[in-house]
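Listed next: structures, encoded as structure tokens.
Presented sequentially are two complexes of chain A, the first with chain B as partner and the second with chain C.
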Partner chain A sequence: MPLFYALFFALLLIQPAQADISDSSLEKALPLLLEKDFSIKAQAIEQITQSGDPKAKAILEAMLAGQLFYHKKDKRIVFLKKIDNNYHMTHVLSNEDLGVIKKRKVKKIAINNQLRSQLRTAIAGLSLGHQDPAVRLEAINQMLNNLEAEQASIIKTYFEKETDSRVKDVMHIALSLTQLKQDDPEQQLQALEQLKANLHPSVRNRLRQLVEDEHTDAQVKQVASSYLNAIETKTYWYGWLETLFFGLSAGSVLVLAAIGLAITFGVMGVINMAHGELIMIGAYTTYVIQQLLPDFIEISLFIAIPAAFLVSGMVGIIIQQGVIRFLNGRPLETLLATFGVSLILQQAVRSIFSPLNRSVETPVWMSGSIEINSVLSLTLNRLYIIAFCLIVFAALYFILKKTSLGLQVRAVSQNRQMARAMGIRSEWVDAMTFGLGAGVAGVAGVALSQLTNVGPNLGQAYIIDSFMVVVFGGVGNLWGTLVGGLSLGVANKLLEPWSGAVLAKILVLVFIILFIQKHPRGLFPQKGRAVDNG
Partner chain B sequence: MNSTMKHALIGMSTALSLSMMNILYAAEDTIKVGVLHSLSGTMAISETTLKDTMLMLIEEQNKKGGLLGKQLEAVVVDPASNWPLFAEKARELIEKEKVAATFGCWTSVSRKSVLPVFEELNSLLFYPVQYEGEESSKNVFYTGAAPNQQAIPAVDYLMNTVNVKRWVLAGTDYVYPRTTNKILESYLKGKGVAEADIMINYTPFGHSDWQSIVSDIKKFGSTGKKTAVVSTINGDANVPFYKELGNQGISAEDIPVVAFSVGEEELSGIDTKPLVGHLAAWNYFMSVDVPANDAFIESWHSFIKNEDRVSNDPMEAHFIGFNMWVKAVEKAGSTDPEAVGKAIIGITAPNLTGGKSVMLANHHISKPVLIGEIQDDGQFETVWQTEGLVEGDAWSDFLEGSKDLLSDWTGAKTGGKPCGHYNTQTKSCSGQD
Partner chain C sequence: MFIQNILKNDTGGKTFLLLLLAVAVIVPVFNLLLPADHPLHFSTYTVTLLGKYLTYALLAIAVDLVWGYLGILSLGHGAFFALGGYAMGIYLMRQIGDRGVYGNPELPDFMVFLNWESLPWFWLGFDHFWFAMLMVMLIPGLLAFIFGWLAFRSRVTGVYLSIITQALTYALMLAFYRNEMGFGGNNGLTDFKDILGFSLQDGGTRIGLFLVSALALAAGYLACRAIVNSRLGRVSVAIRDAENRVRFIGYRVDHVKLWVFTFSAILAGIAGALYVPQVGIINPNEFSPLNSIEIVIWVAIGGRATLYGAVMGALLVNYAKSYFTAALPEVWLFALGALFVLVTIFLAKGLAGVFQRFGQNKA
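Entry: the complex of A and B
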């Protein structure tokens, strides 16, 4: 019942304000923000926006950022900022410093999605004159989402003054869209001409509405539908480009996960079921590095790459020296023993870090996407991972082909007896090769920590895929792993929209089984005597 | 990395000695309570917390003087996220340990796996997780949400308050999402949503490459009609999903995602920045500001000795379920499953959101439904909740073949004979009775 009275009272308060908006001032609207009902808050925001008060923008921005609080006792609304573990209050209107307060004494002014969206649009309207072109661009893009006819005049005044070409372009679309909303066919045709080849979704939707609307002028309808077709065709082709990008990035994740295995399984012939756990250890190394250096999140990945290589490499060498060495030439026993090792590593991680997933932060430079145009944007983390995959591949290729370690590795894998006779310490080479493969798996873990969960089960998710890629590409051939991984990624993504993710995976597996039946040695079979020796 | 192994060894030996201690403490005059939650394997992430919750509840009950003058004793087993092993461990708990009741399981597969064991040996199971409904066993008490206590109210909220017109039903490919989405699809169509405005998508367990699906959702949502995603995506697959949404520039204001499997515990392991504003529907949030919840969180923190641990919905379900069982045992004056099963129907116990839940005749309980938006601190801000409590419905009213069914273990509505699968059209009971 008290709530009902509060609401009733609040409504009474709003009534006069609505009747005479010019009278609505900031001070009057502020108390309404304390109401629990989000629709009352929405009206308060509306009033604050229209108050024309220079302080309005700061208040709305603080509200959006979750920095607007109220004192639980005296209901004062304050900005709350955390400085050195203390919460400082400042008065919203006078900006006067009100000193430090315990966080439990104040409560955040809660907002929900509708309010967030309303706040963004309101701030956008107030930001069209901002100094930074990026802010203006975001502002006008925001306005495009819910464009009202009355906003045309505001946009027009800013359009004249605008200097940045990208912002001008979007403002142009906005203006043309408002022009298109008028009933005059002459005006509409003019606007259509301006919007001809524009890929922005709001343009497409407006055109579609025009075409579907019965009241549209016949000529306008015809023009709109031909433009709509052109846009749809373009969008369709960009869709294919996007799928290709998705495929390549999915493929490069596969290559990264498999490339360490290409060395341990491909070159050395060891079936290492703990390969996935070596990836997991690399991912956990990233987590530990971020915990140790909380102020260097932006560069943490660059520290994590060598660290993960060393940690996983060391674990790999321990596994090789402690287990695999004694099972030389007994693949089934190696398989079982390394499977056991993988379980031990998983449970070890559960005991040390808890079974819960760990949160690895994504550096700012890796989040977001590059927008090529309105229908095609490439996500940055995926782009970096494609590049990273190619770098790792190149480095590994260089090590195997151009260094003396690489030469010895190849010699031992081709003919162990002969290599020993030539003075190569085959035991040492085995340990180093396995360490190298394990280290690369760790590096892959750093990349995966940016894409997926860092938890004890991380490795299991990738072990099957890794073996699949290596076998498909051709055992013992790095190029095979690269081409195999990328093509499986692309095939998967091409199938996915058509068959769904579950069936796509099955189809790819079926394809590989059939392929292996026909070409048992994979895409790029190893040639030469080594093949006969196994 | 040697230290890793050392830690692991220490961990293992403590685990061993702990289980030894359990045996040593097993005095003659105790009531044994089974705790059947995975402590290793994939599900350990969620279930370990529930095991700790049970230990806490039992410890508190013992401090209050136990039950029927006896001390309670927890018997913890580890089914290791392995569904057949759940059945074996359940049998071990009932036949060998002679537990009075068992609290446990997570995922419907594990529950379906133990169900025949509990029915055969006539013992009681309390299942604390939300599930797809379409089941009512004499031996199982479902303290988590049925679809009408989670999914349907969430869709109502989106439809009426957010004005959503286009729907993406995205889920992991197994029984709970499939059944829930079938119910939702039929519910949405009943509300006049066109076939073309519903997109259904299933992905494998642990799916991590969401690029094309998120891109499809983006296209689906760019037609100008308000679009929302109803997510029954399970477990680990959620984090890459939300990350991809963020990277492709879809915010909660554009296309909100309402999830039924993302709670405080899941959020504590991830970077919540890309998730702010997305929604979840549960019957409990840690942020609910009532004295009962404060007290619960306080005792949880002091029991687990870590102020940073969160509480979540399935923990509340165990809290309610355990207290109901305690009251039922006191009412029946014995721990005999038959007597307790009869006594527990109609028993009320306080929930942690300020109300009182009641055990219904269909072995489900009444709960409030809360919709919360994810905040940057990993907590939920309640934006909507049902007026009162919602009664759990075992058989959905929106599925062909199940809308005529009802469950009543008192027999009042099922022709005098208790039945979990009573057809109101043919007036007959099929299955277990």
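Entry: the complex of A and C
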């Protein structure tokens, strides 16, 4: 009786396949996989490969990985994935989720070594023949890691047809690597000449094996080791370049976080401990805008930048008018009062948005990377952060140096009494300057929302770093902040591989503490005759 | 006689010391003699809580000495407090012996857990109480001395100094969070068993610690008052008000600052050492910059440059904190933040200033 049912269900499964002609060759081949005879299975694989069906590759890959099963009862072929100790079934054709199943109710479709190699070849062929160059590139790159002899001929056939230059390059490497595997020194030398100065990691690995292998021909060994050296020197320098890039992007984050402070602290002399919270408000503004406009994630950042500038700027002006104005000329008291403000803002955010981190979505155009060569690729979001930091810096520099507001700000910061005598409304200038610094903090928050978690503690994490950057760069000097921030970022990243992230940070802090002793006015001290009163 | 001399013209101080004496007598008596259901009975928990507040008060005095009388706003005094606490913590860890979870007589639990072979060199000697007590004063003192020597000599002042003290405590916090430092990583040191052979769980030990804290607070107060009244104290105040003029007259400003700062750090270290056995744990969070800023606000609320104001501020703010974080946790940060803002704008002299004005009006 059970056998009868099984046959019945198997028929049910096959029935629609025969009705639908387009899928027929794939669906006809599938039941053959259930046969015990490996030669029939081989035929089935052949048919699946020939079917031209987009699902074919996934099925073959699952089979190779041992994830293709069939249901013992109804003979349905399914993908089986283990998630949290449960086995989840997915239908191979419809990709429909069939739910959780006990493992003993299904049986794996067994393969032997011969089938394995057939599968690998078939998958290689399928992926190298794919329409999308990105898929082809990924496939060939994967093959490089584990190059089998039988794949070489396939690669050769597709190499002739290949149009995309990047794919073609990697295929070329693959072919040379297989040539290098031959025992003939003449062939090997030829292959080495092809691989000269190639930075692909698989080339480096293969050359290293070749140099370490005792059986290698002496001349081949010599050539290989000289090429290996050249490659390693190059890789080393590219490694430095990458560290520099990481450092510059980390430094840009520091500069973004600190540059608002460079205005309020550096130009106005106001210690604003709530600066971090103004950054946080900018990040939350980004979050709110994404919540309000869920269909415009791609452009949400461009709306968020001016919005965060306005929101943080307004909060900044309120802080200045409500608190700081009353503490004119008492920097330490200002420090305490603004710290109180920062606590209030943190708790306010906690009460409104909950203490949990909020996730801000990253637009698609921000993700991805530019591959310069196989050892150096620059991630786009880091690149954008560097660019954004420079734009913000340029804009601020322009405002302070070229606009009438900037002129008045500088006048008030240099000599308040004299500026007032010349008819500058110093209180209005104070409010605007503080608003500008606060607004820039908000803009930094938009950038940070793309990099870290947006939570009530976001600001606290950056406040000390920001002060360090401003003090290190030299108070009252925007250039100092830029140079200081970037160099601290680079220094941090240079130390990291040697000491670990936390120790690197400690070392940088200790360095700044010592640096301040030597140069109490920072990297670029403000020149002038101003002396502390007293 | 000597004490009377110190307290001449210090009505606030006299009142404070008398009150402290009264509390030091009443609390243990009510704890030991009254039955547990009596309305005036102090539970051992309350005694420990009060003992903790007293160590905070000592810390506040230390901050007031440098901020109120020397004009150095230290945002890193929590670091000295925590270092003193760690020195005490290491001694208490050594007293656990083989009663740890792993039962290793040589190594504390966390070192066994990290597969360490032997005790790191900086743990040696802490088996002895006197050595540990020396370190309680020496380590914060030494750090303050080196830090101050560098900073004051190169005339780092005002806001810059505040920010680098904050960087100091922040760097220490990051360092102590590392397991490799050998101070228990982010769990810190805890599970203490006894001190000088007395069990820390015992009510009597708790009262003893409370009394020692009260005594330390009184002694710390008298010492600070003596410094303030001395020539050193008068030069300090002059430095606070016009540093360059004092330097031009011929005083070694950096030396004065260095000695007062170091003394203050040692006081903070002692406070930390008394704090740890009462709360039963020390972890890197004590180094967090937020803690150090909170100390400053105790002093600001109580009133700067009065010493007894600092005590008042520490007790009031911490009592409010204990109350609010239990009853209305949401409100606490709002309240603390508002306190910062209102006190700095409207009460520049703190609560002590209000009392002084009140006293003058009456006179």
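The criterion applied here is as follows: the second predicted complex is superposed on the first by the 400 of 534 C-alpha atoms of A that agree within 3 Å, B and C clash if a C-alpha of one lies under 4 Å from a C-alpha of the other, contacts with A are read in each partner's own complex, and residues count from 1 in each chain.
To be clear about the criterion, a contact is a pair of C-beta atoms (placed from the backbone, for glycine too) under 8 Å apart; a residue touches a chain by one contact, two chains touch by 3 or more.
Please read these numbers as outputs of a predicted model, since none were measured by experiment.
When the shared chain is aligned, chain C comes close enough to touch A:V323, but chain B does not.
Applying the stated contact rule after C-alpha superposition, one finds that A:V510 touches chain C and leaves chain B untouched. With both structures placed on the common chain, the touch criterion links A:E138 to neither chain B nor chain C. The partner of chain A that touches more of its residues, comparing chain B with chain C, is B. Residue contacts after overlaying the shared chain place A:K493 against chain B, while chain C stays out of touching range. Of the two partner chains placed by superposition, A:E162 touches none, neither chain B nor chain C.
When both complexes are overlaid on chain A, the residue A:E277 reaches neither chain B nor chain C. Looking at the shared chain after the overlay, A:E46 reaches neither chain B nor chain C. Legend: residue contacts after superposition of the two complexes on their common chain; A:L336 is shown touching chain C, with no touch to chain B. By the touch criterion defined above, A:Q347 reaches both chain B and chain C. Once the two complexes are overlaid on chain A, the chain A residues touched by chain B in the first and by chain C in the second are 344, 347-348, 350-351, 502, 505.
Residues 38, 66, 110, 112-114, 116-117, 120, 145, 201-202, 204-205, 208-209, 242-243, 246, 249-250, 253, 281, 311, 314-315, 318, 344, 347-348, 350-352, 354-362, 367-369, 377, 379-382, 451-453, 455-457, 461, 493, 496-497, 500-502, 505 of chain A are the ones that touch chain B when the two sit in their complex. Residues of chain C that touch chain A in their complex: 73, 147, 150-151, 153-160, 162-164, 166-168, 170-171, 174-175, 177-178, 241-245, 289-290, 293, 296-297, 300, 330, 333-334, 336-341, 344-345, 348.
Note for the complex: chain A touches chain C at residues 271, 323, 326-327, 331-337, 339-344, 346-348, 350-351, 460, 464, 467-468, 471, 502-503, 505-506, 509-510, 512-514, 516-518, 520, 531-532, 534.
If you check the complex, the residues on chain B that touch chain A are 1-2, 4-5, 7-8, 10-12, 39-40, 42, 44-45, 48, 162, 173, 201-204, 206-209, 211-213, 215-216, 222-224, 236, 239-240, 243-244, 246-249, 252-254, 256, 265, 268-271, 274, 277, 279, 373, 375-376, 381, 383.
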